[in-house]
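Presented sequentially are two complexes of chain A, the first with chain B as partner and the second with chain C.
For the complex of A and B:
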């Protein structure tokens, strides 16, 4: 599982790195950039949904905080993009620690509602704090990196593609290290059974918190990137539209796997573009897809593939085993 | 009692333990000592307060009164994870394992304490981290084999039989490398043949894996087989304590289990 995921991720990274060299089309590059942006977002949400095991509806809080942080650091303090994006992640992570300290004491629907409330409160603040966020007009003209000053639009797109790829690689490296370490195992143990976790020495809150803060950090990076790429940040970054996209990506791809959210990000971003002209149809279609996934593929596409792989491997072994055990019959 | 003289300071010492739920006195004034190297049985009719006692000692409930001392440290009212870190690890009456994970992954997850690391080492692992990981994996495989689950190594826990689940639960507890292992009805749901096999595994653990074991159990033949000393609880209080054969013939114990013979 671990090696399979690592190899899949490496192959995906290589393919992504080759993409701008093979494609000279700005529109295709833009879609590629959005896929990578959503890949980071979906990965960060997956750390909470898939590894803490609680359903957050307020993950846009961290996307928005990152976006506003990067925009403000760039516009007000003149910091370059190399500083604003990491700082956006750090600021998001700090808010993540504060919000997590409150919300992670709650379970199930209570967690869902309180996280949603945090995102909503931040959206209202962003819309009304004229002095800081420029209210509903938003922050426009977020500074582009100097080296793009006289680059062609295509070269600029390529630059942003590789920047997004670099962020995605960092995000997946951190997520991979976290998930396949003692931390990830502890988080999964807490998710699966809090009693077992405590009885083997795990403090449940500490590991939920680590995953939550890491998720907030990654979402903050994505937000920082978004601010520079779109060059405009408005209160919509706290809105529900981003949340819906992230949820669908994580659920379709498969929560609790690293590759799943990436597959989800790719599928949904591309599908979104194809259905751009049919706005109402798009939302209905996504609704149907989510219902279908929840009913028939509760662990998403990756969960489905893993199950099939496991069945194929288990069938011959199980047959041999039941044959061998038949005389004793005590297992 | 001759055994006690061999173990001057008890490993686990409980004094005056009480727990009330509203007006119900679930556990009243329990004293018990578990010595190093001992298998200690806690028995009694249903509702006698055995599991409550377990939960009080392991921190899942807070005692109303009394003291729990483990290896010289007062652990009364500590959180379960802190007690586990001291080397006192328990299993549960109602089977608790990580259902979605394989047998091996369950036992590996139990190795949490031996593979703890800083966040920095998580993201930028040094040689020590991978060594600890490798040792944990070897140890997990060894424990799975020890419990006789080698053939089920990669089977998800939800596919296991009831008997295998009980063995897995003990394996997960062992993975935390306890000094004192507390098992709450580990043989519940096992047939007599499985229970006997379980008993022989338990006896082998005491020497190789853990110092002492506390066992709550209804299966009397298992208790008689593996325990060095037994305490009988009835209505939340201590009824008798001693070697299994002494306790078995105690008239009060017989009365608690079977009722009084009519004169």
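For the complex of A and C:
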């Protein structure tokens, strides 16, 4: 499982790195950039949903904090892009530690509601604190890196594609190292059975906290990238629309796997673009997709594939076993 | 001082709607343990349906309300039997996702059908002002508050003094024992869900006759209902009512004295503080740590 996942991720990274060289179309590159952006977001949410086993509906808090942090650092303090994006991640992670310290004491529906409450509070603050965030008008004109000053639009898109790819690689590397470390195994134990985990000396809170802060850091990086790429940050970065996209991606791909959210990000971003002309119809359709996935594909596409793989492997073994038992049964 | 009284009156009016809609959620979330994110959409559907039967079909307000109640009861029943039933006893997460999917579907389908313009429901009584000392209210508001109170009382009597209500209480105390005693728990769950849906929808229609119906406003309504249920205590009847009134009052005072742009923040602050300091809520019926 570990090696299969690692190899799949490496192949995906190579394919993604070749993509801008083969494609000279700005629109296709933009979609590629959005796929990578959502891949980072979905991966970060997956750390909480898939590995802590608690359902956060307030993950946009960290996306938004990262986006506002990068925009403010760039506009007010004139920091360059290579400083703003990592700082956006760090600021998000600090807020993650503070918010996690409060929210991770709760579980189940209470955790869902309190994370959502934090995201909403931040959204309302962003919408009303005119002095800092410019309120509903948002922060526009986030500074572009100097080396793009006289680059062609296509070259600029390529630059952002590779930047997004770099962030996605960092995100998946960290997620991979986390998931397959003692931390990750402890987190999975907590997810599967909290009481067994506690009885063997794992402190659920400490491990959940690490996953939560890492998730916040990655979402902050994605937010910082978003601020520079879109060049505008408004309170909608805290909104429920981003949250819904993230959830659908993690869910369709399969939570608790590293490849799943990437598959989900690719599928949903492309589907989203494909249905762009039918705004409300598209969202209705998404609603139905979510209902369908919960009812018929509860572990997502990756869960479904894994199940099939295990069954195929199990079938010959089971056949051999029943064959061996048959003489004993007749005797 | 006069301003204060006016704010208090306004807060109590909106609080009674919060109470009615939260009462529906306390049945679904507090007793059935379904984290229903489509609650605000049921509220919105009640308003849209109310607009449809009164303005479009031209029915009388009271006949319209009865039609809405019957239609939404059937809708809630079907949602439970066809969707919630399949994820019962699987923990919270599937039901959260399922109802989020349902809420996205309902909001956007409603937007496709009726558009984004606010819909006005013709009220049952004229919108003339009523002067109670220094406080000004409209007849429609007083009527709507009275209607809320009647519906709350009806729900209370249904749960306390009917066969169905006894079956509900038995099922939520111990589903296995209830089944052994011959209660068809599947019907009890569906009825409870339908009752919760009806309470949300009638609250939506009543409030729609005072202000107007916003198709896309369901999300915030859901959240406020959760705030009230958590503040009042899961599954608590009195908690939903007191919690609703507290939220209404707090919002009116905050809007009046602090800033009207950040009114919605107060509910979220309440829920965060409640969960930190009093996670059982004010009137919890179950001794349980959040």
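Brief remarks on what is shown
Rule of thumb we're sticking to: the second predicted complex is superposed on the first by the 320 of 331 C-alpha atoms of A that agree within 3 Å, B and C clash if a C-alpha of one lies under 4 Å from a C-alpha of the other, contacts with A are read in each partner's own complex, and residues count from 1 in each chain.
Operating definition for what follows: contacts are C-beta pairs under 8 Å (C-beta built on N, C-alpha and C of every residue); 3 or more make two chains touch, one makes a residue touch a chain.
What you see is a predicted model, and the numbers here were worked out from it, not measured in a lab.
After superposition onto chain A, the modelled positions of chain B and chain C are compatible, with room for both. In the superposition on chain A, contact of A:291 is made with chain C only, not with chain B.
A count of residues in chain A touched by chain B and by chain C gives the higher number to C. Of the two partner chains placed by the overlay, only chain B lies in contact with A:186; chain C stays clear of it.
In the superposition on chain A, A:78 makes contact with neither chain B nor chain C.
In the superposition on chain A, contact is made by A:178 with chain B only, not with chain C. Of the two partner chains placed by superposition, A:153 touches none, neither chain B nor chain C. Of the two partner chains placed around the shared chain by superposition, chain B is the only one that A:200 touches, whereas chain C remains out of contact. Contacts of A:125 after superposition on the shared chain: chain C is touched, whereas chain B is not.
Taken over all C-alpha pairs, chain B and chain C come no nearer than 14 Å in the superposed arrangement. Those residues of chain B that touch chain A in the complex are listed here as 58, 60, 79-81, 84-85, 89-92, 96-101, 105, 108-110, 112-113, 115-117, 119, 122-123, 125, 129, 133, 151, 155-156, 161, 163-164, 172-173, 175-176, 193-194, 197. Against chain B, the residues of chain A that register as touching in their complex are 173-174, 177-178, 181-183, 185-186, 188-189, 192-193, 195-204, 210, 310, 314, 321, 330-331. Of all the residues in chain C, the ones that touch chain A in their complex are 29, 33, 35, 83, 86-87, 91-94, 96-98, 100-109, 111-112, 219, 223, 226-227, 230, 259, 261-262, 264-265, 268-269, 271-272, 275-276, 279, 290. Contacts from chain A toward chain C in the complex involve residues 55, 57, 102, 106-110, 112-114, 116-118, 120-121, 124-125, 127-128, 240, 244, 247, 251, 280-281, 283-284, 286-291, 293-295, 298.
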